[in-house]
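So, here come the structures, one by one.
Two complexes come next, and they have one chain in common, subunit A, joined by subunit B in the first and subunit C in the second.
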Partner chain A sequence: MPTIEIKNLSKTYRVYQKQEGVLASVKGLFHREYREVHAVRNIDLTVEQGEFVAFLGPNGAGKTTTLKLLSGVINPDHGTVTVMGYVPWERENEYRRKFALVMGQKNQLWWDLPAMESFRLNQHIYRVPREEFERTRDELSDMLDVTRLLGRPVRELSLGERMKMELIAALLHKPDVLFLDEPTIGLDVVAQHKIQEFLKEYQRERKNTILLTSHYMKDIEALCKRVVIIANGSIYHDGSLEDIVDQFSGDKIVTLHLHDDGGLDSLSGLPNVMEVEAPKIKFRVPRDEVGKVLSRILAAHSVDDIVVEDPPLEEVISNVFSQAEEKGRQEASQAATGS
Partner chain B sequence: MSFRTNFILQCLSSMAWAGMNWGLFKIIYVHTGEIGRGTGWHENEFFIFLGTIWVINSLIQTVFMANAEEFSELIRTGGLDFALLKPIDTQFLISFPRINWSQVPNGILGILLIIHSMQKLMQEKELYFSVFSVPVFVFYVICGAMVMYSVMICLASTSIWFGRNQNLYDFWFYITNFYRYPMEIYQRNGIGMALWGTFTFLIPILVVSNIPARILAQPLGTPWKAWEWGLAGYAVLGSVWSLWASRWVFRRALMSYRSASS
Partner chain C sequence: MLESAITWWTFFKISINERLVYRADFMLGTLMRFLPTLTQIFLWWAIYDVISSPGSADSTTGPDGDIAGFKYGDMVAYYLLVIISRAFSSMPGLTGGIANQIRNGEVKKFLIQPVDMQGCLLMQRIAHKLVYYLVATLPFALVFFLCRGFFVNGWPAADVLIVFFLSLALSFLLGFFLETCIGLIGFWFLEVTSLTFIYMLMNFLLSGHMFPLELLPSEPVNIRAWVEFLPFQFLAYFPAAVFLGKIEGAEMYRGLISEVAWVLFFVVLSRVLWWKGIKRYSGFGG
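Moving on to the complex of A and B:
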């Protein structure tokens, strides 16, 4: 049985459309206009035990709403979900002891108290035996290098330090399933890298199931083999990271290091040249033409080195998001015309 | 108590309020011997009533008030998400996370005022009270706190439907205005009787303060009438009913919780 099984899941919000100005505010006391936002539309998804899945999508795509539905924070309009055999929104304590949700933009630690006090509270709430709690806390704080900060009030911690504490708080009860909603948002490169390394190591050791949303492609590249792309509340793509690059990136980027500068003039006339820095030239080539173009160049020029690479993941994902949003708009417009 | 000066100022402020409250009624009793003719609420009896109010207020403000206010904020900001994730009863978790220790001195002042007034009453009227009165008093104070807690939870839960409800403190002020006085003062005309009926049976806050105060103050003077015994029974039923109602409202409200965007 899959660890997470989602069938036909939907959630729609009714949002008040406030008009500008005082008169409009007064009018709003008597008559209000609402807009329906389809945050999640008929999603189907299965995740097996031990998978580390990236959940990607533009802002407002429905990623966080899906995680909240999976955590039982909100109730769906329709559809079914089971996580480890539990229905999340029934909020059974047994289920709540087996998963954790970390939100990079929200704080669950006591703001004015040291993180240690929040950890201790979690120990009692999750009924973690004292010795096990202390061992796990020490292990995690050691891995994240925050042992010296355990006694400092949370409000005096930096964003990166606070995020590490949030992770420890979420992991003290050793959850089997972990939902991570942008855990590295706003962090500097060092802190991001530390958290990536920690998550990678943690998942490798514990083999737990993790769903991660992030806008940092470095997180995704470092951690996830499988990527689910959601846009306009619907799943647009579900596959490996390589699949996405293959499917959605039409070009390869070729960098040639010429033996001398002589050939640069003729090569500069190639379409899609990105950068010329003698004796190097960088250009884009359609994926299915890489061999043909390179053999033609190699026949005519003396080349010391060739690098053929995929475009940056950010660029590929950005293309996917644009396509997905366009598709969503078309579907919405068709639905509106149809109705 | 992380912010020491703020804590001390809060303690002083609540004690100053209690002092002014006591002073006001001292002045009133210079002009009259009894609140309401024939009600039995003379100065010492009334100060037992006043002390009881301080104790109940202190209990509610120490244990519930800050948490109920915080609950409204948790709903607006989406912080309730984390309470819903915890494997523990959500109503319990949001009801007791914080203790406002600065309101404790008020309760201690209330107890001292009750003891002092009872001593005076015993000296002046040569009356004695049963030791049994103390546990019964404590029991009814707890019943009263349960009713007030339930009212607060119901009101705070409405924030889930309304998105925001900043009326909690105002509502608390309005309601405590009614329960600060003996219920006999309402039983003189039509409007008074309507208020008495509403705040005795619909939202039973009058029994919150009147029953425990009466247990200490009135048995020393007059024996209880049948309706007073009925009211004491109703106070227990009312607290159970209020708790049940608040739980029902809270659970219904949670079903509509939509969290806040992150």
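Moving on to the complex of A and C:
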């Protein structure tokens, strides 16, 4: 049985629609207009034990809503979800002791007290035996390099240090399933990297199932083999990162290091030249023409070095997002004309 | 069972630690509590002074400077006892705190973690109160010692004293669950500031915080009689009246029983509000 099984899941929010201005506010007291926001529409998804899956998508795409549904914070309109055999929104204690949700923008620690105290409380809430608790705590704080900060009030920690503490607090009961909502948001590159390294190592050792949402492509590149792209509340793509690049980017980027500057003039006439920096030239070629183009150039010029690479992931993803949004808009206008 | 007890005990200890972070603020707050009472005592001194001067006595005040059965000494003793009642029943920040947690989504924690919100809040409140009593006992004892002359009847009998302490403990629970209910209305209204304000106003007038309930008018509307059917009197008036012997015998026990009934009522109500509230919350998003 898969660890997470989502079938035909939908969630619609009713949002109070307020016009600008005082008059409209007064009107809103008596008559309220609501707009329906389809946060998640008919999602199907299966995640096996031990997978590390990334949810990727523009703001408001439905990533966080999906995580909330999975952790039982909200109820769906229709559809079924089971996580380790439990229905999340029944909120059974047994289920709640087996997963954890970490939100990068929310603080779950006691603000005025050392993180140590929050950990101790979690130990009892999740009923972790004392020795196991101490071992896990020491292990985790060692991995994240925050042992010396355990006794310092949380309000005095930096954002990065606090996030590490949040992670430890969430992992003390060794959850089998872990939901991470933007765990590196607002952190500097060093702290981001540290947390990535930690998550990677942690998952490799524990083999638990992790779902992560993030805006940082670096997080996802470093951590997840499987990427689920959500846009407009639907799953737009589900596969490996390489798949995405293959499917959504038809181009390769070729960089040539010429032997001398002589050929540059004729080469800069190529379509899609991105950068010329003598004696180097960088240009885009459709994937299936790479061989043909290169053999033609090699026949005519003397080349020292060739690099052929995929376009940067950010670029590919942003293309995917705009495609997905375009598709969403079309569907919306079709629905409007159809009704 | 034992495991939950350990969880609550840990929660309790952490709450105490948290409370001790703000010691100075706390002590200052404790001392400030006496100030409004001091003004009230002076005000009543002026009133009794006027009515006891010859020629000003009328039908509502007794011959010896007596207002609704309260002599000046009684009145001062009453206000001092009300401070004690309020030390148990008042819950600063509870309604607003709950509503805030609902609005900013912190309440999610109690949906995700296997732990009960009201239990946490109750533990936190008990911890806060205990720290408060620790700080306040000395100044309270001093004030009561200085004012011992106003307690004309001395210490009440043992059975009355027991009822007094029971009613104090119950007033803590009543205050807690009543204000929890108001806070939980935040699931529907998001903002409960004005609701809390209305509650505080009613509490101030109808609990006996502002003046003994004997002073409430019975004409043209018999407010005095209506107040008997409301929970407010247990938050300030009842314990004080028991101590001073204004309520005694069977009436005293009847009062205690109806206080228990009110506590149970608000325990159940707060549970219902919580279940309905999270259902709405989780259906709505947030």
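Operating definition for what follows: the second predicted complex is superposed on the first by the 339 of 339 C-alpha atoms of A that agree within 3 Å, B and C clash if a C-alpha of one lies under 4 Å from a C-alpha of the other, contacts with A are read in each partner's own complex, and residues count from 1 in each chain.
One rule holds for everything that comes next: a contact is a pair of C-beta atoms (placed from the backbone, for glycine too) under 8 Å apart; a residue touches a chain by one contact, two chains touch by 3 or more.
Just so we're clear, the structure is a prediction, and the values are computed from it rather than from any experiment.
In this overlay on subunit A, subunit B clashes with subunit C. Contact with neither subunit B nor subunit C is seen for A:206 once the two complexes are overlaid on the shared chain. Within the superposed three-chain model, A:74 lies in touch with subunit B and with subunit C [touch as defined at top]. In the superposition on chain A, A:181 makes contact with subunit B only, while subunit C stays out of contact range. Once chain A of one complex is fitted onto chain A of the other, the partner contacts of A:120 are limited to subunit C, with no touch recorded for subunit B. Shared contact residues of subunit A, touching subunit B in one structure and subunit C in the other: 13, 68, 71-75, 91, 93, 96-97, 100-101, 106, 108, 112-113, 125-127, 153. Considering their complex, residues 2-3, 78-79, 81-82, 84-88, 90, 93, 255, 257-259, 261-262 of subunit B touch subunit A.
If you check the complex, the residues on subunit A that touch subunit C are 11, 13-14, 39, 65, 68, 71-75, 89, 91, 93, 96-97, 100-101, 106, 108, 110, 112-113, 117-118, 120-121, 123-127, 153. Residues of subunit C that touch subunit A in their complex: 3, 6-7, 10-11, 14, 17-18, 21-22, 105-106, 108-109, 111-115, 279, 281-286. Across the complex, subunit A meets subunit B through its residues 13, 64, 68, 71-75, 91, 93-94, 96-97, 100-101, 103, 105-106, 108, 112-113, 125-127, 153, 181-182.
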